[in-house]
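Structures for review follow.
In what follows, chain A forms one complex with chain B and a second complex with chain C.
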Partner chain A sequence: MSQVQGQKTVVFVKSLILYSFMSVGAVFVLFPFFWMIFVAVKPEGQAFSLTVSFAKPLWKNFVSIWCDPSYPFGRFFINSIIVATSGGLLTTLFCAMGGYVFAKKEFYGKNILFWFLLSTMMIPGMMFLVPQFAIVTKLHWINTYRGMVLPHVASVFGIFLMRQYMETIPSSLIESAKIDGASELQIFGKIIVPLSSAVMTTLFLLTFLFHWSNFLWHLVVNTPDSSKLTIPVGLALFRGQYQMDWEKMMAASCFAIIPIVIIFLLAQKFFIEGLTTGAVKE
Partner chain B sequence: MKSWKLEVGSWKWFYLLPFTFYLLPFFTGCGKIQKQKYEGEKIITLWETYNHEEHNLFLEIVRDFEKLHPDIRVNVQRVPFSGMRMKLMTSMITHTAPDIARVDVAEPPRLVISKSIIDLTPFGALKLAKEIVPAAVNSNIFEEKFFITGSTSSQKHIFGIPDQTTGAALFYNREMFRQAAIKNPPENWEQFVVIAKKLTVDTNGDSKIDQYGFAMDNSLWWGFPFYNTFGVKFLSADGKSCLLNSDEAKKCLQFQVDLYHKYKVEAGAWQAGSVSCDQGFINKKYAMIFSGPWNVKKFKDSKLDFGIALIPKGKAGTSTNVGGTDMVILREAKHPKECYQFLEYLVSVDAQKKWCNTLGQIPVNLKAYPYIDTSKNPEIKVFMEQMKTAIARPPVIDYDQLEYVMNQEVYTARTKEKTVEKALEDAVKRINEEILSY
Partner chain C sequence: MLKSKTRETVVAYLFMAPFLVIFASFLLYPVFYSFYLSFRTVSPTTDMFSVFTDMKFVGFSNYLRLLKDFDFWWSLVSTGYYAVLYIPLSIAASLMLAILLNNQLKGHSLFRSAYFLPNVLDMFVVGIIWLFIYAPHYGILDRILTQLGITYFAEKGVLANGKTAMLGVVAALVLKNAGFGMILFLAAIQNIPVSVYEAADIDGANEWQKFKNITLPLVVPIVLFLLITGTIGALNAFAEIYAMTGGGPQMVVAGKTVGATNVSGYYLFRQFERMNYGDAAAISYFLLAITLTISYMNVKLLHRK
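The block that comes next holds the complex of A and B.
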């Protein structure tokens, strides 16, 4: 009896320690969100004031974000949704196809080409900015969704991620499908894609996040009067030379994180699975 | 066996419909705003980086200008301040730059050297410059030898017009001054040290200092009030060598170091991770700081009882740093004459009156000074006075690099990692090699 009691105490203490650490971690993780909401409901110019005061009405900053005619937040929001979703879908599709070829097809120079592609990951992204912008300008894609999304669709990281995962899919499955008369497209669509859904979801989320928070490219590829500006550019408008309109910026940020939160909540199972599956080969 | 085929006419095709509709605007560019066309008018495109309040007022000023010049239309476009340089650079590469751009006061040297902006001297801008706050306009004036390779001419040319100017002054907490029985803010650095010592106290009796007389930032820009009042010259007359190993510079940096180490009146706000000057001032931890007009509203909103005074005098009197922005006309501007007309209007007394009285800012036009209503913004009076003594930043192409080098070297002196002499010698060497050897 005393042994059982002792075991229970050990489990209790372990849980207590674990939950204490997790609570501290949770506070660290959640504090920025708390601060964001807290500042968003403060009056103008009071972001850093230690005195606790709230805007009157409380939602004043939220309303002004949506109702200010000189600040088309709704348009920024819709543009961000279109760009991030398109970017996520197209990147995932093309990277899945690329990854499949590198994982399951044999062709001359495959490995050299793959390592060459990987080596381009060593080049800082900023180096591509001007050449990509010059190409987009030549194609007359300035102020278009195409210009914002297509240059980033071929992601070497995405191809690498897909290839690593798809290598773990047994080749016998593909051979069986071929015997059953499946075309290449059908093999890809009916076997590879369903089996890779976890890692594809992960890549979609990472790409969505990349496009959702991409400031520089969206700024450069749009003229300031463009109707395609996105949320990161819109948020940056709150930053002046010496001042920042913290309250409105935080109010806008409260809305800006909603799609990210929803997508992560819906896909977190796939996301975690996608990151860990294939990590260990048995 | 399960069919692999997606047959025509199958209901499964309907899955593709939402996706098709979704991608429609992506490939057709749907949702484009129809831009208004102005027949027979000269259209100027202007990129600015104002905040919301300033932007709306700027549009009003633009409308006033358009009423006076019905043949000119100014197409105002907002760019985030933090992205302006990159945006401008890429647009110049692809010939999509605007006619006029609002740039940081540190940008003109780089733009002049790269021949990205046009010389405003032929339009008579040097005459207009005489009406403008000297420190603000001087950052736009360059001698020929600066931008023409091989030239030795000192003839001056002007490449931009300041639209906004600002600088630091001494902010002090009146409540703390009263508690320490100090009546007036310091007028010179000797008084400053005496007063700062009185204000550096342990308020709760735990033998730890919790209120400091002064707090200062580490950056070069915030160091200019010191350097300028001590009469420090950064560059030689030809701009080719750094003079920061002078006696004045050594005395100036030694004074900054002493505020922390010897007099122990400075809070160490220049150290990474410390409470910033603004925040410490709001929290009543720092009695005196350098700050600018942009913080007046914030401090007032925080219910602080504070005053603003001129920067204490040194050997060279009182002086301060210069911030703000300039309007420049880009090389490929289609209507440079009309662009200049707009800039002229922007700094006119009428426009400056409207701008400064509404926003509580410092006018760039000295002729507008008498028309500024200081009853609403009494603080602005001090800044207007202070700006008369401000000194423009050293005209180097890469001001950011100058800041970088100086911040690093000054930090080593403040932490006593290097002596003041060694830190300045190293700074001079690096500035000569990394910045002035173009």
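The block that comes next holds the complex of A and C.
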């Protein structure tokens, strides 16, 4: 009897130790995030004080960031939403179409093309900075949404992810639709897309995120007076202005980070699945 | 049969057309265009309204100048330093988190979410937050350490000190990205059937032996994957440097003044910013050569085992 009791105590102590280690890990990893919120709700000029004090009302810094006429934050926010959403939608659509034919069609050049596309994933992204900028300049796409989005919607990772998933759709479904007289587009739109909605959501979220944080590119295709600046670029260009106002800086940071946190918490299953599929291809 | 394959081919390429058009114009063409630009330079006579069509041909001089440029070589060294710090630290942190989470305790999925969360956040903004945390005298890190009697950071903080700047950047990155590797490790570890561990238990293996002989070999592919992505990450490092250090602080190496965190991605950006487009294109070819070499070595390593 006492032996069982002893084992129970061991299990209890073990899980207590595990919990405390896990909590320490969480504190470390999430600290910057909490610190940002903590400072964002502080009264003016008290960013560095460690006493727990709050702005009155609590959202004062957020409002003043949003309403400052020299710092069009609402504009940045809307731009971020537009760029990330359109980038995510276009990438998902194009990759679904491309991934579908790689999964379900036999065509000339299929294998060579696929391996060629995969091999380009090795090229460091920095390589594209100068030529892409040159192309966008020549197209007069500086300070436009298309300049910010289009050069980055061809995702080879997306093609790969779609192909992996769509290969599992039974070909018999496609065959029977063909017999019923469905056109190629109907097959894609009415069979493939609905059956792949989960993986398409995953890709949309991942590419939404990519475009939301595509900082360097947004920095170079916009001039400082552009009306298309996204939140991080706006933060960077206006850093000088808010250098001393850390509580405002952090309030602005919240606007860049909280939407993503909410999306992540609502849809984390999709993020994690997508990343795991992408990585275990070897 | 052949005819139907021809038809399929037409349909297939039509479906791929939007992707391929973007791919060809913004990814494939730039690789060659960059090569072309790397032999040219913006000269005083260049028409500023059509810079890229009016650059002067200079042969190999961009490449030769880079080879003689101490800052360029330093940028490669500091990129290497970045990678050497970042890759092992992030792999260790990821693996540690994965091992911690590999249990059936209540709420472990909550912790998993918490660890993974920072991964999806914007790098630049996270960098700004760390800038604030690392600040000297007022920053929270320095204040805690001062309370503990460590006054090393009191004067310059973490990022304005050449000795600690890179470590500070990398620490922020490791904490942000560890969740990514953790998810991969966790998937690999949880794929191992429990029966394997039970068999080891019967044979009298202890925890360390089980980890070394069962878990570790199965996570090696993940380590290699993180090695590759870490290397590419180091070559692409930009937003974190831009947010936290701006390539600085200045320090003296071999009698020359260099930026302690002036990694190659940031160096390329600085050349670009100064309209040295030819030099920037030449740098990107050096980076490509380095990446291909490293990838080749990785593949060799993979095939050896």
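Remarks
Note that in this section the second predicted complex is superposed on the first by the 198 of 282 C-alpha atoms of A that agree within 3 Å, B and C clash if a C-alpha of one lies under 4 Å from a C-alpha of the other, contacts with A are read in each partner's own complex, and residues count from 1 in each chain.
In the analysis below, contacts are C-beta pairs under 8 Å (C-beta built on N, C-alpha and C of every residue); 3 or more make two chains touch, one makes a residue touch a chain.
A quick note: this is a predicted structure, and the numbers were derived from the prediction, not measured.
When the shared chain is aligned, chain B comes close enough to touch A:Ser86, but chain C does not. Chain A has more of its residues touched by C than by the other of chain B and chain C.
In the superposition on chain A, contact is made by A:Met127 with chain C only, not with chain B.
Once the two complexes are laid over each other on the shared chain, residue contacts for A:Cys95 go to chain C alone; chain B is not touched. In the superposition on chain A, contact of A:Phe215 is made with both chain B and chain C.
Judged by the touch definition given at the top, the superposed model places A:Ala236 against both chain B and chain C. Of the two partner chains, chain C is the only one touched by A:Ile260; chain B is not.
In the superposition on chain A, A:Phe48 contacts both chain B and chain C. By the touch criterion defined above, A:Phe270 lies against neither chain B nor chain C after alignment on the C-alpha atoms of chain A.
Applying the stated contact rule after C-alpha superposition, one finds that A:Gln186 touches chain B and leaves chain C untouched.
Residue overlap on chain A between its contacts with chain B in one complex and with chain C in the other: 48, 50, 129-130, 133-134, 137, 215-216, 220, 236, 239. Contacts from chain B toward chain A in the complex involve residues 1, 4-5, 22-23, 25-27, 29, 31-33, 35, 47, 49-52, 54-56, 75, 77-83, 86-87, 90, 93-94, 96, 104, 166, 278-279, 282-283, 292, 294-295, 297-298, 301-303, 323-325. By the touch criterion given at the top, residues 15, 18-19, 21-22, 25-26, 28-33, 35-36, 39, 47-48, 50, 93-95, 97-98, 100-101, 105-110, 117, 120, 122-135, 137-138, 150-154, 156, 159, 184, 188, 209, 212-213, 215-216, 220, 231-232, 235-236, 239, 246, 249-250, 253, 256-257, 260-261, 263-265, 268, 271-272, 275-276, 279-280, 282 of chain A touch chain C in their complex. Residues of chain A touching chain B in their complex: 43-46, 48-51, 68, 70-71, 82, 85-86, 129-130, 133-134, 137, 142-146, 149, 180-183, 186, 190, 215-216, 219-220, 223-225, 227, 233, 236-243, 245, 248.
Residue ranges on chain C touching chain A, taken from their complex, read 5-6, 8-9, 11-13, 15-16, 18-20, 22-23, 25-31, 33-34, 37, 50-53, 96-97, 100-101, 103, 105, 108, 111, 113-118, 120-126, 128-130, 132-133, 138-140, 143, 172, 175, 178-180, 183-184, 187-188, 221-222, 224-225, 232, 235-236, 238-239, 242-243, 264-265, 268-269, 272, 277, 280-281, 284-285, 287-288, 291-292, 295, 302.
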